[in-house]
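In what follows, subunit A forms one complex with subunit B and a second complex with subunit C.
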Partner chain A sequence: MSKLRNVAIVGFAQAPIVADDPHRTAPEMLYPVVKQALKNANVERKDIDYQCAGSSDYIDGRAFSFSQVMEVMGAWPPVQDSHVEMDAIWAAHLVWVKMQAEECDTAIIAGFGKVSEGSPMHVLNLQLDPFYHASLGLDHVSTSALQASAYMAKAGVDDAGLAEVAARNRAAGAKNPDTQLRQAVSAAELQKTPFVTSPLREGYLPPIGETATCLVLAAEGKAEKMCDKPVWIHGVDHRIELQTIGARDLTSSASTKLAAKNAFAMAGVKGVNDAQVVELGSTTPVEELILRDALGLSSGLGGKADGPVVNPSGSPLCANPLMNTGLLRLAEGFRQLSGRAGERAVSGAKRAVVHASAGHCLQQNIVWVLGTERRWA
Partner chain B sequence: MSRAVAVVGVGQTHHASKQPDVNCAEMVRIAIDKALLDAGLSHEDIDAIVLGKAPDPLEGIMQPEQYLAGALGAHMKPIIRVHTAGSVGCTTALTAATHVASGLYGRVLTVAFEKQSEGNAMWALSPNYAFTPPMVAGAGGFFAPYCRAYIMRSGAPSHIGAVVAANARENAGRNEHAHLREPITVEDVLASPMLWDPIRFLETCPSSDGAIAIVMANEELAKKGPRKPAWLKAGATFTEPMYVPGRDQVSPLAGRTCAKHVYAKAGIKDPWNEIQVAEFYVPFSWYEPMWLENLGFAPLNEGWKVVDRGDQKFGRHLPVNPSGGVLNTNPIGASGMLRFGEAALQVMGRAGEHQVPGVKTALGHAYGGGAQYFSIAILSTEL
Partner chain C sequence: MEPPKERVKFIQTDLVLPYHYYAGDYKALYLRALKDKKILGSKCSATGKVFVPPLMSSPDAHAPCEEIVELPDKGIVTTFCVVNVPVYGRDIELPYVVASVALDGADVSIYGLVQECKAEDVEMGTRVQAVWKPDGERQGDHTDIKYFKPTGEPKAPLESFIHRL
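And then the complex of A and B:
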């Protein structure tokens, strides 16, 4: 791998994740978050070169929703700006690419999604092929249930296995003051929750939630002045697969595998076990098991805890604020490696692998490798 | 920009109010196949894909890059989806250029589309925002007051808009891909119904179905191509808030700043004399003189004089929108990339019947939102 530009995460802030913030619009939720992120990075808005947001018009229930956050992102006088109609973690990737092109040195990345404006079950149906999938009435739970059934049949994992994964994440979430579900629940209790779509129970699915997030990225030379412990990007890659539910193997994630391979090569690491922390964007226990396979982690089932700590944040099973879920994974990597993870800090963590996903059944995946040291001399 | 970026292939569909024989996937595929053919490449030569389009509610498909992954040839590749309102097409092309400039991707395919016949653009372009009165008037209702303000402050005579519209249609007659090509006269425009004063029916862009795809490559790979590439000399996107007090909505600061930024990067001191052709985003006729000023081709309040003299016509000093522009073809999300792509074709000398002779430097421009998103690219025959 050729030498790239060292870029670091130097600040992050988020709004509390709640089911419905009835008093504030998306821009109102984002405003204090941008201010806090800039403060955390010891920087004023005028010293930021670039901004990029990630959001979805359908989630916010109105066209051009992102145009309403220019005021709160501080776009006056005019600023260099872009927006992706994706989870904000892809905005972070675009900014990182921009820094590799030497088009900017510092940037803020904003995520927001006013999920309570609509019904995610109905809205996420619209991501699907309008002719063959959406018209069947599939939503993200029913497609995940298809995937879960296929995986359980293949891997021999049963309901108790799913409950174990979910319970482990809920226990982790109990130590994360920034997540939404903060009560540990036993596997036995989770197994008593009703099916939403079999084999997925209520206890195996994320709550509905909304928030706003802001991450600050800076290139070497500036990053050190903005953060006491900048967290450096060592490698990253993202890949998409065909959407067609019937045309791909739902029980594995080929795109995660390839993205991880490329990200590990860029980072100069052999594999996931070179990291002490792994944060996965898994929204069901089965997604976590599939992603563990794809990254080369053990399943962790049966109480086995070898290798890196997985999902210290509690994962999206404890909070899935759409359009922010991915960026929150990157934030967890930052918090873990920069001494900002509080009670849930993984001791001695020097390297983290972060994953996020988009679309139904892990269609699109991004994998990052983060470290406490600069990657390139 | 750290590394040189070249346009090596351009492909677009024919644009129409309805393309009933294709769905979104098939429509983008037509443009992609043409662009790859143009570049002498196939899907396996592409390292990443950048997709752009305007609001998802226009077609009713959320984050359509997921459904379109197959049609885009994106399976097992990186893809990102840009949305910056009307400017998105040009911004998407510049995002693809950034990918190449980063050195991480050798060749990038960028695609923009809109299939407006799938939905109701007037509805989608009339969003309700908190604390602002709903206009339910589409983009025309939003921009008409800005055009009125322009007329008042510049003292432009009332026929200027009609002159722009008739000229744009004459230009579209030379563009085989354009949606509206039947000739119209200044009298026809003036006799057409007033929709949003001062914008008449024939001074308004159509709703179109259409797609465009562009292949970009780094210097080494571009030089291997079968044709002479168009080199991207400079590109930038600037944005300002919709409601900041004291904002100049007629000649927005973001547009002026963006133009200044790209001219400096491209080493252009006198755009009027150093650029041979420009493709502006003109969805309503009055925006042509307004952008002539905003982009520094004419002094403040004198853009209309360029139009009155006819200096922006095909065959004159600075042909503006020789393709016929947005006034005659408006698949919204693709419209900005069409400006970028048409500028590239002019530089490559392959614009066909609407080729401007002797083009060395061309400008592509798009804007969007409440005249707050700006995206500008300078393309050149020289590396």
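And then the complex of A and C:
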């Protein structure tokens, strides 16, 4: 791997994740978050070279929705701006590429999505092919349920296994003051929750939530002044699979596997076990099991806890604010490696692997390797 | 392969996407005040600029605008246009004037119709005042101001509002 530019996460802030904030518009949720993220990184807005947001017009119900947050991101005098119609973690990737091209040294990345103003179920249905899939009324829960059935049959995992995974995440979420569901619930109790779409029970699915997030990235030379413990990006890659879910093996994640292989190579690590923390963008217990397999982690079923700590944040099962869910995974990596994880801190964590996903049934996947030390000398 | 002789099968999808937009506390305050024939703005804590409708933060200074101020319903026409073609959904006699109105004391304009005068009598700098819907009919939305009408006061010189264009 050739030498790349050292880039670090130097600040993060988020709004509380709630089901519905009737007092603030999306820009109004984001404004204090941007101000706080800049404060956390010890800079003024004028010190930032570049900005990029991740959001969705369909979630917000507005065309070119990103333009409404220009004002609160501090886009005056006219700034360099970009946007991705994706989870904001992909905006972070775009900024990282910009920094590799030396087009900027400092940047803010914002995520927003006013989920409560629309109907995510309808929107996510429209993500599918209009002829064969969307017209059936499939939404993200039903496609996840199709995936879950397939995986359970193939891997021999039963309902109790799903409950175990969900309960472990709920227990972790109880220690995360920034997530939405903060009560530990036992596997037995989760198994009593009703099926939403069989085999997925209410207790195996995330709550509806919304928030706003802002991450600050900076290149070597500036990052050190902005954060006491910058968290360096060692490797990153993302891969996408076919839209047609019938053309994919739903029981495995080829794109996660390949993205991880490339990210690990960039980071110069052998594999996931070189990390102490792994944060996965899994929105169902089955997604977590598929991702564990793709990354080379054990399933963790049966109470086994070998290898790195997985999902110390409680995972998207405890909060899934669309367009922010992925960036929150990157934020967890930052918090864990920079001494900002409070009660849930993984002791001695020096390296983290972060994953996020987009699309139905883990269609697109991004994998990051983060470290407390610079990657390239 | 022969191209099809009949029209290729297509599907019509009538997308039903329900949304309810929140005004947010700042704009809700503004809308509610219209019911009482009051126009509210907010003042930037860094530059003192007054925004109407009120904003939580100033776009140029990136500073909070927490102070709410009441503005008069009088101001000047900064820029305007004369509409000569019917617009879908509007039942207004042609031609009519749509104007950017800088209320006295505000640093940004609001938009409205200018009526009770001939279109050719409207100029940049014409002083205007809001004509409100009668009591009991105002709903707390932007149509509570029916239109603006000229006050007959002397026209404002361009230098006095050139920074507000």
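Going forward, the second predicted complex is superposed on the first by the 377 of 377 C-alpha atoms of A that agree within 3 Å, B and C clash if a C-alpha of one lies under 4 Å from a C-alpha of the other, contacts with A are read in each partner's own complex, and residues count from 1 in each chain.
The rule is simple: a residue touches a chain if its C-beta (ideal position, glycine included) is under 8 Å from a C-beta of that chain, and two chains touch if they have at least 3 such contacts.
On a predicted model such as this, the values are computed, not experimentally measured, just so you know.
Because the two structures share subunit A, they can be overlaid on it, and in that overlay subunit B and subunit C fit beside each other without clashing. Shared-chain residue A:H23: touches subunit C; no touch with subunit B.
Once the two complexes are overlaid on the shared chain, A:V123 sits against subunit B and subunit C alike.
By the document's definition of touching, both partners, subunit B and subunit C, reach A:W76. In the overlay built on the shared chain, the residue A:Y31 is in contact with subunit C alone; subunit B does not reach it.
Angle at subunit A between subunit B and subunit C, computed from CA centres in the superposed arrangement: 50 degrees, to the nearest 10.
When the two structures are aligned on the shared chain, A:S135 is found in touch with subunit C, with no touch to subunit B. By the touch criterion stated above, A:L250 is placed in contact with neither subunit B nor subunit C.
Using the contact criterion defined above for the overlaid structures, shared-chain residue A:W90 touches subunit B, although it does not reach subunit C. By the touch criterion defined above, A:R45 reaches subunit C but does not reach subunit B.
Here subunit B and subunit C are compared by how many residues of subunit A each touches, and B touches more. After superposing the two complexes on chain A, the shortest C-alpha to C-alpha distance between subunit B and subunit C comes to 5 Å.
In the three-chain superposition model, subunit A touches both subunit B and subunit C at residues 25, 58, 70-71, 75-76, 123, 126, 130-131.
Note for the complex: subunit A touches subunit B at residues 2, 4, 25, 56-58, 62-68, 70-71, 75-86, 90, 93-94, 97-98, 100-103, 123-124, 126-131, 237-244, 254-255, 258, 358-360, 363-364. Within the complex formed with subunit A, the residues of subunit C that make contact are 11, 13, 15-27, 55-57, 59-60, 62. Put simply, subunit A touches subunit C in their complex at residues 21-25, 27-28, 31, 35, 45, 58, 61, 70-72, 74-76, 114, 116-119, 122-123, 126, 130-131, 134-135. Those residues of subunit B that touch subunit A in the complex are listed here as 1-3, 23, 55-58, 60-63, 65-67, 69-70, 74-85, 91, 95, 98-99, 101-104, 124-125, 127-130, 236-244, 247, 252-254, 257-258, 369-370, 372-374.
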